[in-house]
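What follows is chain A paired twice: with chain B in the first complex and chain C in the second.
After this line comes the complex of A and B, so read on.
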């Protein structure tokens, strides 16, 4: 039971990292970024390519930095010029970007499957309440906790975080107060996409690296975002943990319904509380 | 005005006739092969292998001056891993004259295409799917099954199981036709061999987190765990199982698991895994040695099982062209049915009753060979050991 609970927390942790980026971007730009799944994939492949030179931990950092740069470019050349256009237009463009980035990954790395091995000190199991449990899964869990705490600290304790929260509430009023909202936007989207890269790199030792690896997990992330409440970090963390547990326990107790359960939960939340568990703003 | 209109009609008609003649001349000189395979999704890597192997065989044939006076042309299409997608793209290929089809990854795709072959006047060479239904209710003089079927795999599994002392078996299988059929057959064999199947787990196709399932398998007390997983699912399982040191103290054996791409994609995590396989680059027939050498020259690495199977399918098609002296699908099918055909595993027979290629299988283990992990054969089972009776559901009609 405890091990299944841990399994749920680990998958939930991955979803926390990935969906935090989605929530950040939605909170500020009001865009559901379909390209996020492709950025997750790209992060995994970047980590694969650089790990031979900078080691696993360096690869994690490189994936975050590389995708942050991609995010800043995305904001500068896509979200900012299109900020006055209907949301559907931007949404369709991000979907196009998803296809383009996926094809680029395929072009550069091919369609073969790869794996990124975890660092040698974190390969085997450790004893958890008398049961062997993969130490790397605990690393993923720790990484998710660190990412969530660091993100909250960044938003709560720094000036730029304050500006980001203000811009998420009212970007025009924030601009009138002298805040450079373009810079804030670039930073927020950069960090959001960087988190997608980090999630991809963290998942790489667990999952086969293929150009389509982001397709399924991004759907779970959207489910997390909807259940948690669009734009709410606290809600997305609770929703990710919940979804992880549903997947882990569903696999054991309701195997034939595992793939359906997240959507059942989402439908239930939408019916009972249409704004999600926690509402709709960066807080 | 009337004259010029008549002249224009005449010219147009002449031009159309010339085009038709040119087109038919080029059709007549070509063997047109259509590859319907999965280029996107969970099994895209398998589709990419099918494409590489097929293209390699086509290029090789053309470089040698063609076959029986024909050049070989290849058109490819992505079936998106679905029967509906396959029907759609195969329809287009056959309309374009590519009526010799090969390449499907999934049994469901083969079964969907099999229904349409007469309407398209096409023939299909199934080189990767395994369902018994292909040579059962779907059997047709237009459909050739080149890979061992599920029941043939199980026939190779049984003698291995007889050598094992372990009593408790668990099965983890992908929840689609192949996984369901194979796990059912395996349970029957296990029961007949006096083994106790303590857990059977069906996992969703494209599953990400195998942790809960690995935990269940561990808790079941199974001494042998049989995997019936492919593509990304197999890689995810192997890598995640390594984190639990899952293969320590128990035997992990796979159906169609010991393929080179899966071994390559999982680092050293598959060392010691056992399983049946129908092809490995380490098989030392003269034909396979020559093939692996020329493949190595071109790609700098050994061919995978899927690449070899795709290559084999084209070689058999071209043998049919040679035997019939024709590029007409029906003539090729007629020439191949019941014929002895050259393959990478030596000369084998295409059984006339259901067009199943009768071939050997191996059981082996992943071991280090020259510093790299390879599936190493430990026992070979001849075609007559693997051969299953023709399904009573198979009713061959005339071409």
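After this line comes the complex of A and C, so read on.
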């Protein structure tokens, strides 16, 4: 029981990191990054490759930085030049990018699956209310909380965060006030994609690394984002916690239906509140 | 304001009279029928085999293109309807003992009914959420069939028991590329014609108005929910017809056909072909399959060139082949007018 609860929290934590990145990018560019799952996968593989040289924590940072650079390039060469085009064009382009990145991962690392060991200090189990539990999973949970708090602190307390929130409300008016919105866009999309890389690297010791490892979790984070109300951090955190629990308990009590359970939740939410849990904010 | 995502769709100029347009339709459809009937004798057997498969997936692409054209929505999950049609007809034909004709009818009705139920839920969340949800549903359905052991064979799929004749046509000739190509060609031409007529009907025009500006359509007094549900159901039915024909042709279904990669490919076909006219996605499908048949040397690494091609098309020429054809025909007509002085 407690094990499932914790597993749900850990998975929910990963979903929070991933969907925060999606929400961040969506807020500014009104586009859902369909390549986000591929960035998650890429983050895991980057961590795998550099962990031998810089250790696990260095690899975690490297994945974040590498994917941030990818995100900055994405903003510079895709989102910014195409910001006056219909959102559907940009959406399809990110889908094309998903194909490219997935294939590149296969080209560079091949199709076989790899595993990444957790950091040496956090390999064993730990005692949680009398039940042994892998300590690394708790590390992932802590990491998710730290990432979410840090992101909110950045957005609420710093000047650049203020600019980012202003640009998400009205990018033109923000530019007129003298804010360099190009730089804000690069930063926001960079951090958003970096979070995908961070989530991938953090998840790497929990499961096998394959080129399609991002497919399942990105679907869940899309569901989280829709249930949460697309542009809302609070909504997606609540939805991620819910979905994490549903997946964890479903895996034990209704294993054949786990893939459908998120959609039952989603259908229920959409019938009652078509714009999601925090829907009022976007419409 | 809800977020509406729609591509720049060229609304074709209705400058010419309806009589000359009808004449042009007639010329094009007669031409298309002639090409369809002659092609098996003119082209190599391989091209015919590839093309008849392309036309089956062309229906899937038409469904994807139709919903984009009439609601501005991008579906990343139409392979669900393509695959479910195959599964439901396959299961009914193999295990229920019903005559195949009845199995086909019931199977299609079941899929369309399910599509209507799904549409009533997801049409409530317009724009970008729709795309994410269709993709998510597709992955879930794929996982469901992939894991389902027993009769449907899980990841391996299963062979369908087909009788000697289907609607009076011998099954062996239905499964030969030469005959199937002609059948596919004719059904495609009829469907393209029907979709073009739908566009000009009251409902078709209303859906275009809703796509352009849902708020304004509602203020005029139209209900904007049900027309969108109908558009979704029609597009799912198109995909289901394709899936049905594909299943009868191969006599086999596996979860692969309802994977989200199939949906993604259909999206690519529709976008490369262009969605402004009903023939666009079909042209896109033909191009996709004929090119893929030539680049087998790429092996497993087809996603990289495909993704790059998609990005280039979307960035440089987002109206696809339909837009290109419009551009060329406008140029020719302009030149002709200048010549006549």
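Here is the rule we go by: the second predicted complex is superposed on the first by the 279 of 283 C-alpha atoms of A that agree within 3 Å, B and C clash if a C-alpha of one lies under 4 Å from a C-alpha of the other, contacts with A are read in each partner's own complex, and residues count from 1 in each chain.
One rule holds for everything that comes next: contacts are C-beta pairs under 8 Å (C-beta built on N, C-alpha and C of every residue); 3 or more make two chains touch, one makes a residue touch a chain.
What you see is a predicted model, and the numbers here were worked out from it, not measured in a lab.
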item: Touching partner for A:95 - first (chain B), second (chain C), both, neither; value: second
item: Partner chain(s) touched by A:110 [first = chain B, second = chain C, both, neither]; value: first
item: First, second, both or neither for A:52, with chain B first and chain C second; value: neither
item: Touching partner for A:212 - first (chain B), second (chain C), both, neither; value: first
item: Contacts of A:172 with chain B and chain C, given as first, second, both or neither; value: neither
item: First (chain B), second (chain C), both or neither touched by A:272; value: neither
item: Chain B versus chain C as contact partner of A:157, first or second or both or neither; value: neither
item: First, second, both or neither for A:259, with chain B first and chain C second; value: both
item: Those residues of chain A which chain B touches in one complex and chain C touches in the other; value: 111, 215-216, 256, 259
item: Contacting residues of chain A [partner chain B, same complex]; value: 3-4, 7, 10-11, 110-115, 117-118, 123-125, 131-137, 205-208, 210-213, 215-217, 247-249, 251-252, 255-256, 258-259
item: Chain A residues within the chain C interface of the complex; value: 26, 30-32, 34, 82, 85-89, 91-93, 95-100, 102-104, 106-107, 111, 215-216, 219, 222-223, 225-226, 230, 256, 259-260, 262-263, 266-267, 270-271, 274-276, 282-283
item: Residues of chain C that touch chain A when the two form their complex; value: 1-3, 5-8, 68, 72, 74, 76, 121-122, 124-125, 127-129, 131-133, 135-137, 139-140, 143-144, 147, 260, 264, 267, 271, 300-304, 306-308, 310-311, 314-315, 318
item: Residues of chain B touching chain A in the complex; value: 39-42, 44-45, 47-48, 201-204, 206, 208-209, 211-213, 215-216, 218, 231-232, 235-236, 239-240, 242-245, 261-262, 265-267, 269
